[in-house]
Structures are given as C-alpha cells and as structure tokens.
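The following pair of complexes shares a single chain, subunit A, combined with subunit B in the former and subunit C in the latter.
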Partner chain A sequence: MVSSLAVDITPSSKAFKLFFNHEQIRTMSRVKRRTTHPPYWHVLKNNQRDDEKISSDNLRFVREVIQDKYKNKSPIKGSDLGIEKTEWDPKTKRSGVIARNIGMQHMWEKDGKKIICTVLQVLDNHVIRYVPPEEYANSVIGAKMFKNRKPLGCLVVGAEATNPDRFTRQYCSLFNEVGLLPKKRLARFIVTPNAALPPCTPLTAGHFVIGQAVDVYGKTIDYGFQGVVKRWGFKGGPASHGATKFHRRGGTIGTGRDKARVWPGQKMPGHMGSERRFNRGLKIVRINMKYNIVYVKGTVPGPTNSIVQIFDTILPRRKFTEAPPHPTYFPPEDGTLPQEDIWDSSLHVFGSPSISV
Partner chain B sequence: MAIVEHLASLLRKPIETSDEAGERSVSTQKTEDESGNTVIVAPPEFRFMYPEFLPDPAPETRNRLREKLERMDMLQRRSVIEIPEFYTGSIMAVTVADANSPNKFARFVGICIQRGGSGLRAWFILRNVVDKQGVEILYEMYCPLIQKIEVLRLERRLDESLLYLRDALPEYSTFPLNMEQERRLNNSVVPINPIKVKLRPRPWLERWERQNLQGVEDLNLPQRFYDKAEKVAKPWEKYDLMLHYRKTIPAEEQEKIFAEVHSQLQQQELKRKLRRRRGFDNEQ
Partner chain C sequence: MAGTRFHLLSTFSRQFSTLNNVSTVQPKLRIDEIRGRRMAIFDKEYKRQQALIPRLEKIEVTYEELNDEKVTLIMNKGISTPYNCAQHINEQLLKRSVVAEVNGEVWDMHRAITTDCTLKLLHMKPEDLHQATLVNKAFWRSCSFLLGAVVESTFQDEISVCLHSFPPANVRSGSFVYDVQLNLKDWVPSQNDLRQIAAAFQKFVRQDHIFQRLDVDSSVALKMFEDNAFKTEQIPHIATKSSTGRSITVYRVGDHIDISRGPMIASSSLVGRCSIPAIHKLNSKLYRFQGVALPSEIHINHFAFGILESRARKLAKSCKDT
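This part shows the complex of A and B:
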C-alpha cells in the first residue's frame, strides 16, 4: 500500500523523513551496540588462578627469571630499521598510537580567546607484529573490511608493559617473538605497506606534527541504565500543575493505527554510553616530547584516565599536504635532543609577555 | 650585596596568616626525612596564599602527571606577571587588555567577593558600585589578557564568600576607582576586618538566615524564618569526617605539591623585590 504512492516513502528513503514528523532512526535498531566479552579468537588474557601459597624464596626466583627474560633493550635507531626507506605519498596510511586521556586544560590563543584542550599521554607503545595485506585479507575482520577493496596491512601495537604474573601463558606467548614485557593494551592499526614498521619499534609523541588534524577513537562515558530524558533528550512532563506521576516519562510510544505495534528502534530507557566513537579532525596544538604528551584542541570520547587511540585524520580537507615523520619519528642520530615543548603558532605560550590588543 | 642580605632576611621572617597566629610560625625549613636526605618543606601558609595550586579533589578527574604539567604552566605565567596574595575581602585593581577601550586597557577596582577554581581555571570576582550601579567582574587569574593585578588593601573578612554584598546597602560595596595602594601596617599578619554589614530590606537573592554568616548584622527577621532554617539545617555535617576528607586534598599530598612549587615561587618573589628595590634606588 505504501509503495503504490507516487512518492517512495519506504523507511529507507529520504522522503520518509520529510513525510512523517518523527525522525527516529529505526534501521540501526537490530545492530548490537556493545558486548561485554572479547571476540572468540582472542586468547584468555587475565590470570585466572588464585594466589597460590608460593614461598617467598620461590617468589624471588620467579621475579629473577622475569628480569632475566625481559632485559632492557636499547632504543631502536632509524638506521636499524629492517625495511628499505620508503617514500611518503598522500595516499599513505600511517600507524596510529595508543594514548591515555589524562584530563583537560585551558589554553589561550594569541588574540586572547580561551580554548579547551584535552591532554593525551602517549603510553609506551611498541609494535608487536606486522601482518601483510594478503595475509590480513584472509582473516575474519580483514575479509569484511576489504570485501571489494584493495587490502591493506595491519600493525599490532601494544602499550602499558606489565608484570607477566597478571596474564595467562597464552597471552604472554603473543610477545615471545618480540621479547618485550607483555602489554596490557593491544590495538590494530590499518596501514599501507609502505608505512609498515618492524616489531619492537617504539612509537612516541613525536610521531605527530604540530598543527595536524587527528581522529581520536574511544569508548564514551558509561552512564549505565538511564531514563528517556537523559538518554534521548525527551522533555518529560510538567513539574507541577497537577501532573500525576508524569515528570520524566516517555509518553506515547506509537499510534494505534499504523502497523498497530511498537516500531523497532522506539526510543526508550536503557543502557547509555560505553560505545565506540570517533571524534574527527581535532587539531594538535602542543606536543611535550619529554613526557610524551599531546595536547589536542577539543574533547575526546571517554572519561578521564581512559585509553584512546589517535590516528591521522581521514577528513579529506585536513589531511597531510607535506610529508610527516614517515613511517614514524626516530630521535636524531647525532644524539641532539629534540625541542622539549613545541607549541602551535596560534597559541599563546605561558612564559611569553601578556597579550595586548 | 647588603640589599640581597636584607631581602633574604625579610623572606626568612614568618608570613603567618591570621588563622595561624599563635601557632608555631615556620618559615622555609629543610627537614630530614626517614632516609636522612634533606627535604624542602614549604610553609603551611602556602595553602592559603596559593590555593589554586591544589587540584580539584574529585577522584574521577585526578591525574598526577597532568596536575604537575598544569603547575609548571602556572609557574611560567607567574614568572611574567605578579599574581599577589589576596583573600576574599581584599580590595584589588585589575588591568586587562581590551580592544574596545579608548586606551586599549581597562582598569577595574573592586572588592574580591569570591574566589575559586583550581589550576589554570582559577578565578575571582571583583565587585564595585559605579554610578549607583553594582558591577561584578569575574577574572581568570591566568588569562594572558590580564596585564596587572594589584592588591590595594590586603585584608580578610569574617566569611569566605561575600555574596551577601549584593543584598547589602551600596556603601559597603563602593570603592573609589582611583584608590591608591595602602601600605601594610604589619607585614607578617593579614588583618581580619570584623565589619558587620547591614542588609537592605527583603526580598533578597538568597536565604541569608540559613547560611550562618558572621559578617552580617542581625537580620531582624520574624521567628518563622529561623525556625524553618533550623528544620532545614544539617548540623551533623560538621561531624562527617569522610565528607570533609573527600572535599579536600590530604595534608601529605598538599605538602608534596607545595614543596614542588615552593622554590620557584620564592625565586620569583626575590627577583621582583630586587627589581623593585633597584627601580627605587635608580629613582633616588
């Protein structure tokens, strides 16, 4: 009956939204938004056994073994790179970085305008392995991603080295090839083959350029089970004037006529937050090389002290025009230290004289 | 050389606040910790003189590294401009760069009625009555547009927040805009002004009878107001140790924070005093 009309008002068409007053997006209602368990191909990560009654001598021995196994490695120099020096081109996709959102700070621009910046601490990132495009296209996720496209490689990066005692043997074995202390966090970054990095390469705040735009991925703040007013922005009911038990409720959930049931995707109370989101096109305004800190103009998904991933932006008008540190940043060979605190040209540096307009 | 020694002796004198008058007065001291290494301890008055160095106590937003970086930025800004010690009730003058002013600078004199914020977000509100119109301006202490902050009269009042001046008679908030800096009689103690302010007749902006104000004259309200205030009051809150613990930074952490910034602040103070003394000598 609906399709016999001159205007196509099936739910997926644009006219549907013009014709009907309600703008609820019902097509995504069946998609599962969050899980509390990891994918089936992940190995068990955290140590499941209880604290056994190990004697103090044995405990000391275990610690010595760990120290011997994971002796400190010297930092990788650019000249030690296993692969040939590759050229950067505008279509290159570089690796991203795992960072922690450590809070927000105010900064001021040169004309006195105040901006809010998020402070991101780039953790101790190391490349764990590189999966070439042909191999990655055969994996579960890779096949889905590159169904009708040219496949790209995948870089597995880890951050936050921890005591191997916390993890299972299977999880620690992921790091055996590299010889690094097991990392608490792992992430995959899709890279073009010319931006591939050898295992054990450290990634630092110098990977980014001042003034570049980045995308930050994170999981939003978990608000728990929330009502309709906070979750969907409903107006609720009047606070007084005789309203009986109708202050923060949803009201009507459908008409009696059309379809005669509640449509899927109807906005109702439920779990809010803890969802994967990207904030795109955020500008890097300041980099602190000593503490590996990146200051990003704007806000980032997730609460303070949560883990985020930072990538070069995909927004077409804010991409790189000049070559960035490719494939990543390495400290200069001659041992000169980089500038510790790098500011964007539009920002007022705190040690400089007051602004006069 | 004599000047430096004289200034050094000035700094060694205790700068106690009125609250700590009578208690032990300590200046910069080097104590020994358990391992026997000398540890620099800032004077306890620092938590009143520089309250914005203490972070927001809410644990969800705390991160030691970010707080440390913020303190470094604050010290950088303080090296450029002098942000003097002031309290609620002090009369101050702030000069701000303003594109719309004829001189490109705008100067405002007022009494500080409230201060808050932590880190680079620290702010204070100045109030004055100009042409019979009450004016309040909120200034962010670390904003780079601020050219100069002067404390014309350094004193404290009986309350931490003077928002009741909005409901008081205008003479209590009026200060001449060309007021000059007053010399401090006693450099070591910040005086408390025990003035009791007279409020205008009701209606008021807030229910002042419920707020236990010390600096206000008897409100002369009907008894029913005081009865309702008693009913609504929470007298058990002063016994709630965890509530106060959650609202403040623990003393050990405060000591660590001020020990970190203390030496830099002292150096800046010394440089400024030398510059002032040199300028005075040059004039002579």
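This part shows the complex of A and C:
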C-alpha cells in the first residue's frame, strides 16, 4: 500500500512539485522499482518439489479428507461473528478488498457520453487475522510506516481458496487458526481500530457504495525489455531521408566534457512495467451483488485477469461525507435479498429505453 | 561417530531434564561402551569369516536389465556384492538400488554372492507388483531397525533402554514399529519429544550408513547381546529356525548392531521424509514406538503425508503382541 519509491510523489507531497526538475528525474530512474522475491519474513509458499504420481483412488480419498476437514467452515452470518457495533467517523480507515480485473466495459451516461469502465470481480475474501496497532508498530513494515505517526491496526485478508496440497505446510499453518481453506492471495489493509473485523468475516462487493471514489492498487503490465522510445518516450530518429541505422535508438548519453562519464540514472533500454502503482479517485458506477462485481470508471493498473486491491480513496475532496457500510457490509438479517444490480444515478441502464438527444 | 552421538544425547537431554517421574537409577553400562563392545565382536567375526576364503575364485553373474538385456560380469566368489556389480554398470543403479534379487531370492545389496547367478536390482518404484511388495517390506523392516538404533541413543544415561524387538513389517498396520523397554513409570511423550526423536532419526539417516550384514553363530550373537535380556532369550529360538540350526543374521548400521531376519535396504540415505507420530505403552515397561517414513525418491505434499501420519498414530497391532 505504501508507495515503493524512495520519495513520495503523491500529489499532496512537496516532492511532486520538484518532479519535473531534471536532476530529480535522473534520480527517479535510479530508484529500485521492483523486487521479484518475497520479503525475508514471509514463509515459503509453494511446494519446492513436484508430487509423486498418486493413484486416482488415493487422490479421490485425499480430496474427501480435505472436504470433510473444511466443510463446516462456510461463511457465517454477520450476527454470528460477534462484531462490536462501532461508530463511523470521517477519520475511519476501512478495510480494502482483493479483486480481479476481468476486463473493460463501456458505459453511457444519461446524456449519451461514453465512459470506459473496468470490471473488477471481488473474489472470496475472508479476514484471516487482525493485528492491533501496538503489535503492528513493532513489525518491520509497521515500524517504517508509523515512525512518527500514531500507529494503526492491520487486517490480513485472503482471497481465492485452494486445496492445501498446493502449498507448503508452513503456509497452510497461517490458516489453521481460522480453519479456512488456504488462500492463494494474501493482502494487508491498514485500518483504524474501530474498523477492525474478526477472523472469518467475508468481504463482498457490498462493502462499497455507488458513487464513492476508490483507489486501485496493482502491478502494471509487464512489457519486458523495452527500448528507449517506448520506455522513456524518446523521439528516436527519422524513418527515412538517409538515416542509417538510427530509427529507435537513444542517441547521445552524455556531454563528454562535464563529469566525463555517463551520469547514473541515464535513461536507457531496460525492463519496463510490472511495477506497483495506484490509480486514485476512480468512481464506482455500478455494483452487481449477485456476482460480486464492481464497475469502476477509468483504468486500473495491470493486465486483464490480474489481482488488484481496492481501497476507499485518500483523495481529500472525494472521501466519504456520510457513513459507508461500517465496518463492512452484511446481508440484512431479516433475510430480504439486496438489490442485485445497482447503477449510479447518472448512468444509462442497459435495457431501458434508448437515449434520445 | 562418537562425536555426533554425544550431540544426539545432549539435544535430547535438554528435554528430559524436566521429567519428574523417572524411576530409580540402575547402574548400567553406557550405550557407547555397549556398542563399542558389540562392534569389536562384530569386526573380529567379520575378519575371521573373510580369512576363511583361501584364494579368490571367480563366479559369473548375469545381470538382467529392465528390457531383458543380459550383461555378464565376472565377480569374486564370497566377496563381491550386488553393489559391486552395480558399480561396474551404472551410477544411477548405485544410487537407486534398494535390494537385489539373486536367482529369484531377495538379497541385500551389500551381501556377498557365493555362486553363479542371475542378478536383478530393484529400485523404489518398480512396475511389477511382486517386486514392489518385496521392496516395500525391506524398506519398512529397515525403518524399524533404524528406529531402534535412534531410540537407543536418544534417551538420557539414567534411563535404561532395552530394545526388545520389532514385529515383521506390516504395511496395513499403518506404521513401522519398535518395542523398547524403558524403566520409566508413566511416561506420556509430548509433541516436542516426538519431534526430537524424529529429528534424531532424520539426522541419523542423512549420515548415509550402509546396512552391513553378517551371519554369525548363535554363541557369538549371545556374547554380543549379553547385556540385553530379551535378545538373549530370542537368539536360541531364532537360531533353531535357520537353515544350519545355529546361525543368526546380524546387521550393523553405523555404530548400532541388531538382529534381524530379512533383507534390508542398501543404505540409510534411501529413507527420506519421516515422522514418529506415536509412542504407545504396551504393558508395565514396554513402549511401542511407531513411525512412518517415505523413500527419499518419493515426495508427496504435506497434506497427504499428514493423512499417513494420522493413520500411523493408531496402535499398530501385530501377531507378536506381548
């Protein structure tokens, strides 16, 4: 969730104004942009060796044992979870949600204007554990985050339940306390203590409100090794008029006099993409409660079918003015089903009479 | 070797220092001394048997490969083992072979061949069902043997450990077994104890000990096991059942020597993942140590292995129940 750059370039920071200083740009391209290995305190997740071929009878038996073990742990009603009734205030930070970007869809406003939307499916999220503020401030990330600030709590949420035989024993032991099937994906959400949730709480699309602004965090599309034109936007050279072997190259890389070397951070071809980014302030225009789908106006980092995290926005002018489902959404206890497909008021609902201008 | 055993003792003694139900101490020879004595007798007998061979005679060993191709090897009578034959053929065979079949009879890899014969080398994943059962039984038997070796050395010096025996390998029981007499009144092993024994087992197994076989006269065997009351009782019975009426097969793994009938696997490094899920109390002093292990070649996920462990926790009943 925290920006991985050494300098905070969110619009509210001072560094944002310095960004177009060329010295700064050169320093920016030196910053370590991605790590491909997990942090050292993570447990080993995937099996290191392939399983021996087990006979089909035995496989069926193992599946039966797994089903027996986990069959009683289905999502339970909100009232049974023992959630304390806490008050929402504008300074509350709610949990986020893990979703998958399943594609894009055009929508039209009532005046006929087309808007591009990204369709995000909220996966089977369950809260794994809550770490209270005092404890979280002692962890590696927590210490960095709350160095000179008041500490907040941390909710560990998991999505995409899978069979335990895909993972190592240490990874599955993370879920033993809650008694849930191991999740493929885990995420941390920083919450204020009044928005804490007990383990096993399900999070659905109803967690969000139509018209609210969200920040979506994901890993950008991986373009691989790219040249300088695509990666840094260089102009390259002329396509014709006698240009010999100079169409997409970088050109000069230094003055030759000043410093007499290539400056660190010189823009050159290299790996592009696969970086963690936030797209902030995206408006939710449609929610489908039956399939747990959220339609978000705009684009989201990452390719189709990638996992993203959705948070309530931090942009100050788009934050909540009235209470959202706090701490999260629970289906009504009198058994009435919620409305299946909820559209924003400004949107033209598909199937209704056509727009005439 | 002594250095590592001291280390094994020290890791376990940390755990047992909190026990308050240890019965009165009997003065007993320390395990190292007992083992040293047994090894001396073993080495002496081995040298004596080797010296009986007057001169090197050659025998023809026909090795049958998987696709029925035959390779003829000229080996030394009474000295060459199936392991030596494999050394002439292939490194993969050396690493993979568990047990050999000499003229259709199951044979240890490090046991000397005495006649012209046909040789087959069996590995951990044979296609033939009959071969698979043979290999499986040898594996479980060896695991029981290794369990005895480990249990003998993992208890504190004050506790007298007397290995009783292990029943024949029974896969259906769910675990391999060793019965041990401990002079502990009511010992309920904790999870940590079980894990420590399993860790000691893994450590021992990684040291890659060869299962050395020796056929000895029952008098020599009685001298070796004179400190063990149970073995002294069993040796005459076993000797009468043998072909000559007086011989006992004795195996040596590292520093540990014990009696066992059947063929064992080639080396302890063939044992991979293992766990000691339960220790049941049979009667006033006899404890049944139960374990489950997989060959190092075969790997299954932790959940499936957990199912095997939970099965091995149940008391393994054998026809030889005391």
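Note that the second predicted complex is superposed on the first by the 320 of 357 C-alpha atoms of A that agree within 3 Å, B and C clash if a C-alpha of one lies under 4 Å from a C-alpha of the other, contacts with A are read in each partner's own complex, and residues count from 1 in each chain.
Just so it is clear, contacts are C-beta pairs under 8 Å (C-beta built on N, C-alpha and C of every residue); 3 or more make two chains touch, one makes a residue touch a chain.
This one's a predicted model, so the numbers in the text were calculated from it and none came from an experiment.
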Fit or clash between subunit C and subunit B when superposed on subunit A: fit
First, second, both or neither for A:G242, with subunit B first and subunit C second: neither
Touching partner for A:S352 - first (subunit B), second (subunit C), both, neither: first
Which of subunit B and subunit C A:G103 touches, first, second, both or neither: first
Which of subunit B and subunit C A:T168 touches, first, second, both or neither: second
Contacts of A:P90 with subunit B and subunit C, given as first, second, both or neither: neither
First, second, both or neither for A:N305, with subunit B first and subunit C second: first
Partner chain(s) touched by A:N288 [first = subunit B, second = subunit C, both, neither]: first
Which partner reaches more residues of subunit A (counting touched residues only), subunit B or subunit C: B
First, second, both or neither for A:I54, with subunit B first and subunit C second: second
Partner chain in contact with A:V119 - subunit B first, subunit C second, else both or neither: first
CA minimum distance (subunit B, subunit C), superposed complexes, angstrom: 31
Of all residues in subunit A, those that touch subunit B in their complex: 102-103, 105-106, 108, 112, 114, 119, 121, 288, 291, 293, 303-305, 348-357
Subunit A - residues contacting subunit C, complex: 47, 49-52, 54, 58, 61-62, 65-66, 163-166, 168-169, 172
Complex contact set, residues of subunit C against subunit A: 298-304, 306-307
Residue numbers on subunit B that touch subunit A, as the complex places them: 60-63, 65-66, 69-70, 73-74, 76-77, 79-81, 97-99, 104-105, 119-121, 140, 142-147
